[in-house]
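Next come the structures, one after another.
There are two complexes below, and they share chain A, which is joined by chain B in the first and by chain C in the second.
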Partner chain A sequence: MLEVRDLHVRFGQAHILQGVSLSVGERPVAIVGRNGMGKTTLCQAVMGLVATSEGGIAFGGRRLNGMPPYRIARRGVALVPQGRRTFPSLSVDEHLRLVAVPGASWNIERVYRTFPRLAERRRNGGAELSGGEQQMLAIARALLMNPKLVIMDEPSEGLAPVIVDQLIAVLRGLPADGMGVLLVEQNLRVATEVAEDVAIMVTGRIAAAMPAARLVGDQELQRRYLGVAAGGR
Partner chain B sequence: MDLAATIVLNGLTLAALYFIVASGFSLIFGLMRVVNMAHGAMYLVAGYVGYSVFEPLYDHDLWYAWYAGLAAGVAFAAVFGALVQVLLLGWMQGQELRQALVTIGLSIVVADQLLAMYGGTPRQFFAPDAIFGSTRVPGIGGYPTFRLVQIGVAVAVGVGLWLLLNRTKLGMMIRAGVDDRQMLGACGVNVPLVGVAVFSLGAALAGLGGIIGATAQPLAMGADGRFLLISLVVVIVGGMGSVTGTALGAVLIGLAEQIGQAMFPTYSVVLTFVIMVVVLALRPQGILGRA
Partner chain C sequence: MHSRTVTWSLLSALLLLALPWLLPQVMPAGQAQFWIANILGRAIVFGIIAMSLTFLATYGGFISLAQMMVAGVAGYTLAVFAEGAVPRIVGGLGYGAAIPLGLLAATAMGLLVGAISMRTRDIYLLMITLALAMGVFRFIETNIAWFNGYEGIRNVVGPSVLGMDFRNTFVFYHVALGTAALLYIGIIYLVRTPFGLVLQGIRDNPRRVAALGYSVALHRTAAFGVAGFIAGCGGVLSTIYNIGISPGTIGLGGTVNVLIMSVIGGLGHPIGAFIGSLIFTVFDTFAATIYDRDRFNTLIGLVFLAIVLVSPDGAIGIGVRLRRLLAASRR
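Here is the complex of A and B:
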């Protein structure tokens, strides 16, 4: 579905992505790695939010490089961005109506059934929500576009553990809707419970890719790539 | 007492005109972050285009002459605004200084073309009989009906903009775009197209102001610069990108001008700028602006 091949992104002198190659098919893929390794830049590059300097991004056989974000979105890619980026001037309900596709599998009623908290807060503005509510809203906004691929950039960031469990349940259900998932996570538990395949990003490259189970079981690997102390996270 | 009431009413009718023009300016700035220095030129061009439609019809004593002129002026400004965005400014999205310079250049070209075509003689519309003449206002006496209509139009524009922004899908897109333009694009919204619509609407409001203004007082060269300046002052005082703020700014500036002219005519010009300086010093984002 998504094929990223030898992708480079530069911000002035800074060489952020240094040849990333990655493919996402039907099965969810998670990308883990420390801060500042280029994970967010990769998400933004696929969505067309940053310019790429070399390499290719193809989605369903079509090249995405240089396409404006709205056309990438209409081809079936949705982004849950880092920091949520909900619209402070729009109410919860307006966020949903802005992107909802009539008659699609994910519709506003289903969002309110899945995230009852959003239904309670439907009249509230995007700026009046708690961090967890904003995150649900950002996810709901992406799902309502009924994308073929949803990219999630650190969805568990700053969420209470009980909400993280709810998040994992929602994400695990997405492949059943025929949605591809590219999940960027610092939280190893979320990454490995959602995705069977994990890629590790180090200084702008995919340093290793492996089954999630192997990363979970190998603390030496975790220490080397993620800097996680034994028994941590 | 009569005099005071008249001055206040004069201030409010002037404020109504300022609001109509400045709301378009503020709308464009809010979404596009473009300081449209050609906003006054859109006011001027709409006035002249409207006049050239109005004049022959009026000579034939057709009752709809003024309405046709109004429609033509507003429509021309709307198309002109859309073209400016598509052909010029869309290519320099995010480069504020370049956009400001291009629109300054454009307004110079427009003003000179209008001078070449229409000459320097001031033009004035004659309002249709229904809104011409005078109306008795309690506490004041006879007052030009058209200036009261002006207030009505401004209120209608304000309510219309509020409904557009808060009750329509385009309004949701505009508000979301003001918050986070990039994310709106990632939601599948064709942001450049929304931009063209907003620019066109903003220019149409300048055009509406042009016709209304040229009915209340003669339209002449220099009105473009004057109304651009007024729009800038009004949105700086009221707060960029807020309809309510623009209304508040317009009322403050309109009243200040009229009261200043009545009480200390020599220095009245300074008053609006004193207000602007005070607002900038105490609340740089404008009275109702978001930081």
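Here is the complex of A and C:
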């Protein structure tokens, strides 16, 4: 579905992505890695939010480089950005109506069934929600676009453990809707429970890719690439 | 919308409709007529133009200084094509055709302003819209063949519909009021549609709106087109009100006046435009008698300063604060 080939992104002198290659198909893929390794930049590059200097991004056989973000979104890519980025002045209901497509598989009713908390808060503004509610809203907003691929940038960041469990359940259900998932996570548990394949990103490159089960079982790998102490998080 | 808001809006609408009959009960007939025509009628007409700016500022976050110029484009189109205008430049069209043509021209000019200023925001948007306004103003002022230059075009008396003449103070007042109410309701409706939500999303975070699949440029330009239509309605009414149009109307003075009305009324809600234009018109009319004939601008400046200092969100902000104070004291 998504094919990234030798992708480079530079911000002035800084060489952020140094030749990333990655492919996402039917099965969810997770990218893990420490802070500052270029994970968010990769998400933004796929969405067209930052300019790429070399390499290619193809989605469904179509080249995305240089396409404006709104066209990429219309081709079926949705991004749940890091830090949620809900609109402070729109209510929950307005957020959903902004993107909802009548009659689509994910519609407003289904969102309210899946996230009952959002239904209770439908009249509240985006700035009046808790972190977990904002995250649910950001995910719901992406799902309502009924994308072919949903990219999630650190969805579990700052969430209470019980909310994280809910999040995992929602994300595990997405492939059943025929949605591809590219999940960027620092939380190893979320990454490995949602995705069967895990790629590890180090200084702007994919340093290793492996089945999730192998990373979970190998603490030496975890220590080397992620700096996680024994026992993980 | 809360039912109480609806009740209040209906009550104020009824009160405004009945004013031409209510005012003569409390003041001499001549004075009542003066208030209806020179204060309220004028305030409504300028309020419409100011509302086109408030619409852009409140929901899109775009401060455009071109709205008076866009209104002028409608007024000049009307004056150029309407039969009976002096001097006759094109003429030949009845008001039934010339007015829609004026509105069309203003909408097109609004779209053009939006397209030209598409990539600018904040102070740069302000400067580019000001530059466009001044460019059109100078072009009209110096062009004799099409716009009769400095003197402008006179005798745009307005239509007479079903035996009701626009020169009649009460007819004009009610037409202006009806137009303002329709545009106001239209805006309130529009901002709840997906288009309006996208606009508010752009104000909060344009990059996010783009990532959701909406072209920011297209929606911005369309918003300027809508604002152009609104300003055009105000421009047509003001041209008929003044029985003509001259370049002075759309000069720097007029441009700044519209900005002042919007700001003292408050940029938080479209109704602020009308509150601001009423305050402005009252002071503009009476400042010479209250203060000093040569220094009435000083008084308007002081009022502007006072409102902006007391309440950065204008007269609506004062109202909101008073209500909160009352609610707090009741507890």
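To be clear about the criterion, the second predicted complex is superposed on the first by the 233 of 233 C-alpha atoms of A that agree within 3 Å, B and C clash if a C-alpha of one lies under 4 Å from a C-alpha of the other, contacts with A are read in each partner's own complex, and residues count from 1 in each chain.
Note that a residue touches a chain if its C-beta (ideal position, glycine included) is under 8 Å from a C-beta of that chain, and two chains touch if they have at least 3 such contacts.
Just so it is clear, the structure is predicted and the values come from calculations on it, not from any experiment.
Upon superposition of the two complexes on chain A, a steric clash is found between chain B and chain C. Of the two partner chains, chain B and chain C are each touched by A:R97. Look at A:G173: by the touch rule set out above, it reaches neither chain B nor chain C.
Once chain A of one complex is fitted onto chain A of the other, the partner contacts of A:R141 extend to both chain B and chain C.
When the two complexes are overlaid on their common chain A, residue A:G36 makes contact with neither chain B nor chain C. With both structures placed on the common chain, the touch criterion links A:P69 to chain B and to chain C. Of the two partner chains, neither chain B nor chain C is touched by A:G60. On chain A, the patch touched by chain B and the patch touched by chain C overlap at residues 47, 49, 68-70, 73-74, 78-79, 81, 85, 87-90, 94, 97-99, 126, 141, 145.
For chain C in complex with chain A, the touching residues are 194, 197-198, 200-201, 203-205, 207-208, 210-216. Interface residues of chain A, counted against chain B in their complex, comprise 47-49, 68-70, 72-74, 78-79, 81, 85, 87-90, 94, 97-99, 126, 141, 145.
Here chain B touches chain A in the complex through residues 169, 172-173, 175-176, 178-180, 182-192, going by the rule given at the top.
Within the complex, the chain A residues that touch chain C are 47, 49, 68-70, 73-74, 78-79, 81, 85, 87-90, 94, 97-99, 126, 141, 145.
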